[in-house]
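Letters A, B, C and D mark the chains in the order given here, with residues in each chain numbered from 1 onward.
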């Protein structure tokens, strides 16, 4: 059922103002090209969820696309804080940002529950932690056998999931390998899914029987965007551009510098630029 | 931490009378050689759990090793009923058998919960099904967000898990591939684990990054038993002996025939026979 | 019209109820034959899933068990069993679940657990396996069974999996919003639940089968739809593909 | 005694606290350096796990992020993130969890969420990430932090993850039966919780560090154990291996 289309078409079909959106990829395979497309199309009032908002949501938040953020770790890993996210939370710039904050375990379990069609996730968590006090979406259930109190959070069920993967076949079956993160869960939890891939190949059959594959009937659109994860990386294709992650700290440090960078690289860029970006890092 | 030892030694160390035991393998990789060893060592009063008791537990039940069975489907797949299990349930022969019966979904979720260190599993199940009435270990919890009532069953946490796998490396890291079933969950849910393998190789590193591997520190004993899954099969090594599954129906049809077969092939057999059994099927 | 056996008509009729876009949770036996017949004839892109974890499988011979190597060898991918039940079945991704029955009632409730009392059974049957959750999680359910009075009973000894409720009270009463059994395909006829009563009603009789023949082998009072059609007989192609499949299977399982 | 920096002493001291049999849940920064230094010196078979899903990883250079390709390339296996948190962390399989801290109190409770009020923060910090469940699920916790008054505070602005309780009431009060923080390793000293009060108490001073230096950089009244020892300085080998690792890392991350 997956259609292989250009990225702008897939985003235009799936992502509308006010939608809830999960763009996942745990450090690896972050769908940056797709996020740029969402920004270029001027989407507004989005609810975005991601364990690690990272540069990808720092950019979307800084460009004013986001009304609400659901997350568990908002840093530039190994580098520092996310300056556009901070500016939104601390100063309401460019608009107020509602946040719903969880732990990684809660978010991972909540995506898992979404994929499993459950209304909530149950796990052992948050004990002695203060997030419970400030997040009404952290509740509890009691084990009917032991009496143990367990944490419960609502399942994450985004309108749209967007991920990046190594490859798809011509039917639109998608292969993910390496650090697989929560992408399978995000796609299965979502009402619609877009997958950007490095390439389309004839056939995925005959590979190892247990690879992480999303069958074509779980994906709506497949878009070929070589390099589409840059500055994140694609296992087997190009490495993480750690230098860019470090540079981002300065780019995002002030509003004008950020806007100038976004204007040049995003508003006046396109998915076709990513092959070059990623190539730089090889 | 895994020690590579002969099968009889591993079973003698881990399995004592009255222990709870999960010997898993969903059609594929069923640890028949290990079950024969448990029978030969004369273990009694075991609580055994398995989604599909299958021939492996039909044999253990018929030989009087089992006090209690936790299961979800007690058939000889595609052939018929399990005649020794029926004789135990219907006629208490060779001893009364307590049963705790679930659905596949419940058992799979219960192993998953055991592996995840939770006291219970929560899922959408058993609606309109009568097992709830006869199994006090089926309860419910209410989703604190939607009010939906979900089924709950206790986590499965066996004293010992025994599985069969393709290979281990010299440290005792174990590779499972093909139909992977619930073996990873059974091992992680158990207090101790024995893995019989087709072979020990130098190193599992350098294979695909996302293969199903049990690190050596999650396994207590690795035992090399080529053919050890026969009449079940090992993906990449030998096929399922479907003819034997069909023959079993006649072998197990009456008590004397069954006992004679067990005497010849199990009590007077050993793990070394399995390579030959499996070879027959190739 | 080629000659055919009633069991062949049943399998062919079941296969015709499937389409290219279906995602089927396949049980062993007649369901497996029907699903693979559909795949080898009019629905080449149908997705077949077996509860052993194999997704998008295309076996050349029918499996004897739910987890024969053939299923994994020809699958698009194979997942762990807990994932199968959580993400794929409970996740609501299956369009058609196929169930067989040792006993079924007119509301499509099924017993595969015991004959007699649960605690002192006359016959201990295999139990539910995947059925209790297949019955509630798939978008709809097809049941296939040989039409026999001891199978098509007025009252079940035990409800292993939900149909339209023991008294036809409907599935909503049990908190279930999937359609449940929409077709019962036997070797004599096809039945579908009546819109009002939810009881199985004959909508199509297989060639040469009389209403009396159906009544004789049914343990409840059989209802017939206003217009009962005749099931088109198996085509030459359907029979050839089915018989080839069964011959390959028999040879492969002989060992 | 070779010359070394305080940060090097901290990393070396932390690495020495690890053994070959440990299974460590490793955070980025000082924990990652310490764990890999241990692996490259006295604990070659230590199991390192990063929350991105990499199990038994042996990176040649330190990762900048928790999910650099190097971690997966050198891992025994890499699992999905939900599995990592369910089977490996919550499953109780980790012996040592390593946490860093933006703020910590004398009971080892940690804040990495906000400075100021949660809803109107002065500084919005990254948040907990894996820490709330690392803190409760690992058999024990080591904390590493540069010893500074603004980090070692008397009262946290927010409790991101549990130590021995905000009032030192102990972890059982929160339904937690793991040991919690057993070592706090800084660039000045090593602290361990007092058996009675559960408050961090200096048990070892790094070479050349005075009690006053520790007091000056600690926001609570510092306790000293009855016998405070001097941390053995880094050996030539430890320093060489650590500096080589950091040099390789710097070169790799320059891009």
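The rule is short, and it goes like this: a residue touches a chain if its C-beta (ideal position, glycine included) is under 8 Å from a C-beta of that chain, and two chains touch if they have at least 3 such contacts.
Bear in mind the structure is a predicted one, so any value in this text is a computation, not a measurement.
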If you tally C-beta contacts across A-C and across A-D, the winner is A-D
Compute the distance, rounded to whole Å, between the mean C-alpha positions of subunit B and subunit D.
40
Centre-of-Cα separation between subunit D and subunit A, whole angstrom:
28
Can you list the residues of subunit C that touch 2 or more other chains?
72, 78-79, 86, 90, 137
Hey, what residues on subunit B touch two or more of the other chains?
112, 116-118, 123-124, 148, 178, 180, 184-185, 209-212, 235
Determine which chains touch and list them pairwise.
A-B, A-C, A-D, B-C, B-D
Interfacial residue positions of subunit A with respect to subunit B in the complex:
116-120, 122-124, 137, 139-146, 148, 150, 152, 154, 177-178, 180, 208-212, 235
List the residues on subunit D that touch subunit B in their complex, please.
21, 23, 47, 55-56, 72-73, 75-79, 86-87, 90-93, 137
For the complex, which residues does subunit A have touching subunit C?
1, 112, 115-118, 173, 184-185, 188, 204-205, 209-213, 215, 217-218
Which part of subunit B faces subunit C closely enough to touch in the complex?
26-28, 51-52, 71-75, 77-79, 81-82, 85-86, 89-90, 101, 103-105, 108-109, 111-112, 123-131, 134, 148-149, 178-182, 184-185, 212, 233, 235, 239-246, 281
Taking the complex as given, what residues does subunit C use to touch subunit B?
28-29, 51-54, 63-69, 71-72, 78-82, 84-86, 89-90, 109, 113, 118-119, 121-133, 135-137, 158-162, 165, 171, 174-176, 252-255
